Amino acid sequence: MSHLLVLPILIPLGTAILLLLLRFQPMARRIVIGLSSLLIVAVNISLLLKINAEGIQSYRTGGWAAPYGIILVGDLFSGILLVLGCVIAVCAVYYSFAYLKTDAQKALFHALFFFLWAGTNGSFLTGDIFNLFVMFEIVLMSIYALLTMLGEKKQIEAGIKLISMGLLSSALFLVAVGGIYAFAGTLNMADLAVKIKPHAHHPLVSAVAMLFIGVFGLKAALMPMHFWLPDVHSSAPTPISAMLSGILIKVGVYAIIRIFCLIFVDLQGHFQTFILTLACITMFVGAMGAVAQTDLKRVLAYSSVSQIGYIFMGIGFFSVAGMGAAIFYIISHGIIKASLFLAAGVLKKMRGTMEMSEHGNMMKISPIFTLFFLIGVFSLGGIPPSSGFFMKFQLIKAGLDGAFYLPVAVALVVSLFTLFYLIQAWQKICLHTQEKAPENPLNPHLLVPVGVLALLALVLGFASAPVIDLANAASEQLFTPELYINAVMGKQ
Amino acid sequence: MNSLIFKTITKVVSPILMIFSLYLLLRGHQLPGGGFIAGLMTSAGFVMIYLAYGCERFDFKHRSRVFYFMFSGGLALSFLTGLAGLFVGGYFLKSGVAHVEMPLIHENWEFASAAVFDIGVYLVVCGVCVSLMTLLGEEE
Amino acid sequence: MTSILIIVFFPFAASLLLLLLSPALQKINFGTRLGWAISVVPFTCVALILSLLPGVHAGGASTFHIPWVPRYGIELSFLVDGLSILFGLLISGIGFLVVVYSIWYLSEKEDRLKFYLYLMMFMGAMLGVVFSNNLFGLFTFWELTSVSSFMLIGFWYHKDVSRYGATKALVITGVGGIAMLAGFIVLYSITGTFDISEILLMGDVIRASDFYVPALILIFLGCATKSAQFPFHVWLPNAMEAPTPVSAYLHSATMVKAGIFLVARLSPAFSGTAFWTGLVAGVGLTTMVVGGYMAIRQTDLKGLLAYSTISQLGMIMAMLGFGTQYSAEAAIVHIINHAGFKAALFMIVGIIDHGCGTRDLTYVGGLKKEMPHSFKIALVGCLSMAGLPIFGGFISKEMFYESTLHMPYSGFPYLIPFIAVSASIFTFAYSFKFLIWGFFYDAPKSPPHHPHEAPALGLFSPALLAIIVVLLGIAPGFFAHGVLELAASAVSGKTADLNLALWHGVNTPLIMSFFTVVIGIFLFMRLKKVVSVQDKLSEKVPWLSPNFVYNKGFLEGIPPLTQACMRWFQSGNLKQYLSVIITFVMLSTFGLSISQGNPLTFARLFQTELNFVHLLTFILLIVASLATVCFKNRISAILALGMTGFLVAFFYVLMGAPDLALTQFLVESVAVILILLVFYFLPPYFKEAPPQRTKISDISISVLVGSVMTYYMLMVMDSHLTETIAGYYLEVSEKLAGGRNVVNVVIVDFRGLDTMFEIAVFSIAALGVYGMLKLKKKPKHISKVLGSK
Amino acid sequence: MTREMLTIILLVLGLFFIVTGCLGLYRMPDVFCRMHATSKATTLGLVFILMASFVHLGFSSVGLKAILAIIFAFLTAPVGAHLISRAAYQRGVKLHDRSVTDALSVLYPEKINADQVQDKD
Amino acid sequence: MKLLLPLVIGVLFASGTYLMLQRNILKLVLGLSLIGHGANVVLISSGWIGTGQVPILGRDESMPFVDPIPQALVLTAIVIGFAALAFLLVLSLRVYRDLKTTDVAEIKGQKG
Amino acid sequence: MRRHIVLNIVLALIWCALQEKLNVTEFVIGSVFGYGIIFMLKRVLEDEKEKISPSQGVSFVLFWRVFCYFFVFIKEMIKANIDVVKIVLSPKLKMTPGIIAYKMDVKTDAGITLLANSITLTPGTLSVDISEDRKTLYIHALHIEDAEELQQSIRDSLEKHTKDILG
Amino acid sequence: MIDLVANIAFAILAISFALCLYRLLAGPTLPDRVVAIDTITTIIIAMIAVYCMKEGNAIFYDAILVLSILGFVGTVSMAKFLARGGKIFDA
């Protein structure tokens, strides 16, 4: 048993606590943040490599065996998300130093950020349904706090919406956990899978599954539970917007995939039409919303809704190819969208607004920004050879293979709109002439993470084969739940 | 001007409340109680003091840093207990029970690491509740 | 085979080099030297492509692979055959001429660096398209052409029209690209490969497949949008906002020919069915007519050439659609003809624009005297375009007529030739309009500045093209045996034997040509009148134009429509959001559950013991929670909530949960105090009188939620499946964890991780509250509570 | 047996006083009078019930906790009544019509009197 | 009286929902608290298999114990719910201060 | 200081009682906790105004006086409850309520508190407020036939004993 | 025996509860409602005590202690809120 599996939770949690204690030592905090960020990246990558080499890993917290203690489980899917999360998080942390103004803000922000990170990693690793609830809560609570800490009017407005829906969803989560515990008498997800298997078509199981879709769908901004997203993503401090769109909405997606590939395997057919319908609506409405916006961050926020629809479409195919496509989509979209949000933050710093009509001239002011932004735009638009192309390609291929023509058609139409609204936004910001000079100069420190993520999106396109293979391997693993169950329940 | 009667009663009740909360904390592993309950109980005691004497008498405003480090320290304590489990017991949060022969009184005392964890919980709950009160009370 | 890599990637490398060196280059004044340096790239490509020619002559096609995503058979692989060589030569050859022309054309103040960067990227992408042997490599380069042409068209991005044109091109070709991608995937599902050379051998399989029609339609959508076929042609005229060298390059030989290329490339696999002919030829002929009809209306010379290009592309498409060996040959011949004269004419327009400051025929006229050299070149170009003898255009037009006469699957044998002739009449008319109006007639208004001829550097490229056009007419055999035959056989799939000649004797095509010229002259004479009729028509029925659909429907229609929809849907009203969410979740929970069957049996439901205390508690709970709702006064509501909480705690007592009861009592009291603290700041409930309608909907949503939860809970209470894991905890918690209070042991030991994070959540709440209350205030104040030193 | 009898007697007494107190809460004319009922009768009732449980469960299991609870009850119930009545008076809750004197009015000449009109807060 | 419990939960959820849908932000807070109570009751009832004794060992082993797991879960849920409630309360304070309203319908934020 | 020691001992005893073990170990632990609590709440435990300590120390006399007070209190309490029962159960709620002012002799915080609480718990009276100068206690009474008589009865029974204990 | 008595006790306590509930709902003033809640707390304490007797189990006695103190704190804060127009943390 190696401790590698628990480190992605321990390090950020310990860092957060340390940052709280180092409240009055800005320099020490800076060092701690730097070191532990790098450490987390190293740990997450080596964990992914280990899982890839040795198969699914499990860890007994407190030394209690499954199903009695809380088991941490790392399979390829969670490993991939851990790595994706840490890439985005490192960029967001770096960005935040230049983005935030006072030391008081930074002290609070970074402590909360590392709590958030710990919760995110925990959500990906936990093998216990109630622990997942707790992890979700830590994620949510950190988001509430990070969203409202700067106290802008829009943030307060978004905050009240998010927290109301968040509390509602937490209650529903508890209701669902209650139902499933009453039914199967256990909380460990692998054990639940075993216990529920013979009774998969009991009405209670379907009800619980649907409640979980409601709860996780709210986190993932699946229509019609997406209402919070545009406001929250557009008003949150930019590093948090990047985290939200890049990785945090994927926590919900992850959870849905996990339960439907482990606990409710036999309900896949029962839920397929439902999920695909929601996915199509999400794709379409998100894109429509994005077309309607005049505020760049809101364009990106609606775009995230739309892209979540794509991911759910991949899930809804319930095939290895579809799930592999969805996983690759998660990776690719995470990086691209984080880059775009961070780019939007650069603009916000320059002019203090996100209204696109107030911006312009970026081609003259900073060609390099224009380029990074454009890479993001074309990647998300699905132009090859960027990774965005492969994410859409795989999805469409999986859909056509499974004979889901209608969703594929919707996806194709929507992807046109995606390209359209992104190009429009890019033009308005980079090409249009703008009389007013920016209030602040462009901060090159802010540009670094934008560029890193944009280039990563490109690299992910050029060297997509290993990542695609990894995503598909993860998908195959997901469709062989016995592996997971054995790793948890078998010899440990 | 707050009621004199209430203030006097607070002087009597709040120390009892505190010692009762410590009792609940330390026996939580065996009987109802534990970190949450005790922490909330202690904060109820502080609330009572706040209600009776306002911010000034106990000087909540200037002690807010104490409560801040109370909850961060509590978090650190729980976390370190977990880490100790990792280094000593082989798993994160692995608990251990030690039986120690106490000097002078020659009794065999049982120390559970989970109790230390619970004390961390206690500190967090208490620190957070009082911080919340202070923050809001100060607004008032 | 490394030369193919150089051919494709040399332009990209040049482009990348420019990008990387741009900070350094920006500082030095490179003048025209950059252009000359860049011209090496296309020149090298031409040379290398020519060096490949003997190999193709000798052994046919050859391929070269670089793996990319082996899982899906996606790779960069290249196919060298006649077709790709022909297009490669066009792209790099005309590319070279355009670069040379641009050295003259681009003034000092233009951003030449960026221009060449985009141009090289575009050239690389085009070469990639034509040499690709993998549908995905092709698609990649295809999309890259869209992107780089977007940059080139929007080169003068500060102009609204430039951005409009660039976006339009990108959106429309983007639509096609997406469709094409889907088409490729459908094709893959038929053939199981993305390898073009393999696909080309599987024509029978493809045509027999159920997915033949969708695959064809989807792929053809891509080709049609790229090659500006009706009704997707609308982007092309607006793309004329690009600098003239770009227009000359993109709209003569390259970008617009990409669609043609792909149709030609895939025709061995797809052609030969009635559907193919109907679709491709139908669209092509329509485009040809529409393009010609529009071209004669134009007064802007570039606009005229743009519509002419559309028309000509339609013609080529039609020829490919006919699907015969002869028509394929004709298409190939016309591709090279059109590239030649159209590039030359575009460059002339650039010279005129330069010389007069405008290119509008309202201002420009009678240039024969001031621009004698340009006039000669224009003469060659226009006559070739009009399809008059001794020029290449004549040969290919004759071949076109010939092929219309022998096309298969034609239900109306005379219809197609008739359409061909009428379209060619337009061609004749606008060619003459260009020539006569531009160089002979005087314009009604005078241009901004006095016309002057371009220097030799500017005239070099068009002149060279004009010479080629003439050579194509008088010595077609040289070209035919050099490369056209190879290309034609790649298209038709059979060995082609081109016997090109100006004079075939008096045959039907010649008679058709005769009528074309006669009616063409007549039309040209009546041009002004015809144009005024056209103007009236388009005024009366504006919606007939695809442009109208794009502008009013797409650009101006969709954003307001979506805005209106989103304002209604995403109204910002929390209440609406919550109602939608909870209603949705509850309804679908019920629906998806009940569709699995009804788990409840009434007999079992009532087999429960009656506990008096429980009954009492439940009734009180119901009353308390209803009281919370009913109170009009907030303090009373708080009191009722507190009572609910205490009753819930008492319920925990009944459930045998002392820890819970204690916690609930404590939490409830502290919560009440917190609420009161906050209430101090807030005003009492306002006098709200919700409209009856909202009240009813609120009540019905609440009742829905309540009933679904009741149903859910009935299920839960009725379906305990197995032993729970609780037994283990009860057994070991004293032995292994040293605690008798199992709940506490579970919390701090078995599920310690939960608790660890739970206290973190608790701390985060405090931090969040601190942030909300303190961070926004004056810095002085911050230092007091938790603040900095 | 005596223990059980004692328990039951104490319990009945306790219940009696609690019911009386609540009845007083129900019947009395104004908040001050109502508080008379609750502060005395209910507290005593609770004390009796606690004593009953003390007797029933024995010193070993309930021990000092029952006594502590009784002390708490005696300490807190009157303070609570005092604070509420004071609050009521300060808010301007009027005394019942039959009231003969109001010595406290000198302390609070300007009463808010809001509570009389409506149950505002 | 097991049958009545689902009804109680239904009422808790229904009244919570109704309050949540009102326009006053305080009612929103109250409604969400009620829903939270409802959820906790569902969770604790999931271990209800009849009568049992308090899960504290070492006293009387004759009767079966009630299930301790739901209790532990509810305990966690209560604490988390309390934290969230505190946060929501302060947030509503901020809403009133910054937006000068307690009417949820006026907290439009951004439309569309 | 002396009071703190007394309080510390009381807390230690309460701790022992809660632990249900009366031995040296528990007592020491209890006093350590007690000391911690007293140290923490030092400022709270201070008196409101200048220190007016109870006049006598811990002695047998005090215990006797406490006993006396307790006896009187219980007696009055039972009377009070019978009184309340009578009123509540009487069909017509016979009473003449009102608020009277009562001049106190007790000076200490503890004394005033004890008196006020006792008054609340005894027949027909309820302490509503104390004047700013801590001399007047405002009492709500159910039966005010004669205010003087009522005041005198309080002075004789409850306040005398209260004064005996807490000055 | 004690079981029966306890059930009767519960019934009687429920009646008392109902009386308090009436006062809570009917008011008419806020202090009335606060008194009602205070009394309800007392009744719940009594109910727990009776429940302890019925079950013969002192495990819930702590709840009695906690509730008696917490109920007091709640009542005080409510009273202060009413008295001072909302300021409850005011000396």
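We call the chains A, B, C, D, E, F and G, going by the order they appear; numbering starts again at 1 in every chain.
Following the convention adopted for this analysis, a contact is a pair of C-beta atoms (placed from the backbone, for glycine too) under 8 Å apart; a residue touches a chain by one contact, two chains touch by 3 or more.
Computed from a predicted model, the values in this text were never measured in an experiment.
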Chains touching both subunit E and subunit F: B
Centroid comparison with subunit C (C-alpha atoms), farthest chain: F
Pair exhibiting more inter-chain C-beta contacts, E-G or B-E: B-E
Whole-Å gap separating subunit A and subunit G, where each centre is the average of the chain's CA atoms: 48
Averaged-CA centre spacing for the pair subunit F and subunit D, given as whole angstrom: 16
Distance between chain centroids, defined by C-alpha means - subunit A, subunit C (Å): 26
Shared-contact residues (touching 2 or more other chains) in subunit G: 17, 27, 30, 34, 36, 59-60, 62-63, 65-66, 69-73, 76-78, 80-82, 86-89
Subunit D residues counted as touching two or more neighbouring chains: 21, 23, 35, 43, 65, 68, 72, 75-77, 79, 81-83, 85-86, 119, 121
Subunit B, residues touching no fewer than two other chains: 1, 3, 5-6, 9, 13, 16, 20, 24, 30-33, 36-37, 41, 44, 47, 53, 57, 68, 72, 75, 79, 82, 92-93, 95, 125, 128, 132-133, 135-137, 139-140
Residue ranges of subunit D in contact with subunit G within the complex: 4, 7-8, 11, 14-15, 18-19, 21-23, 25-26, 31, 34-35, 38, 42-43, 45-46, 49-50, 52-53, 56-57, 61-62, 65-66, 68-69, 72-73, 76-77, 79-81, 83-88, 90-91, 93, 115-116, 119, 121
In the complex with subunit D, residue positions of subunit B that touch it: 3, 5-6, 9, 12-13, 16
Contact footprint of subunit B on subunit A as seen in their complex: 1, 3, 6, 10, 13-14, 17-18, 20-21, 23, 59-63
Of all residues in subunit A, those that touch subunit C in their complex: 13, 16, 20, 23-24, 61-62, 64, 67-70, 102-105, 107-108, 111-112, 115, 118-119, 122, 126, 130-131, 134-135, 137-138, 141-142, 144-145, 148-151, 160-161, 164-165, 168, 172, 175, 178-179, 181-187, 191, 195, 199, 201-207, 209-211, 213-214, 218, 224-225, 227-228, 230-231, 270-271, 274, 285, 288-289, 291-292, 363, 367, 378, 381-385, 389-390, 392-394, 396-397, 400-401, 408, 412, 415-416, 419-420, 423-424, 427, 431-433, 464-465, 468-469, 472
Partner subunit B, residues of subunit C touching it in the complex: 658-659, 662-663, 666-667, 669-670, 673-674, 677-678, 680-681, 737-741, 743-745, 747-749, 752-753, 755-756, 759-760, 762-763, 765-766, 769-770, 773-774, 784-786
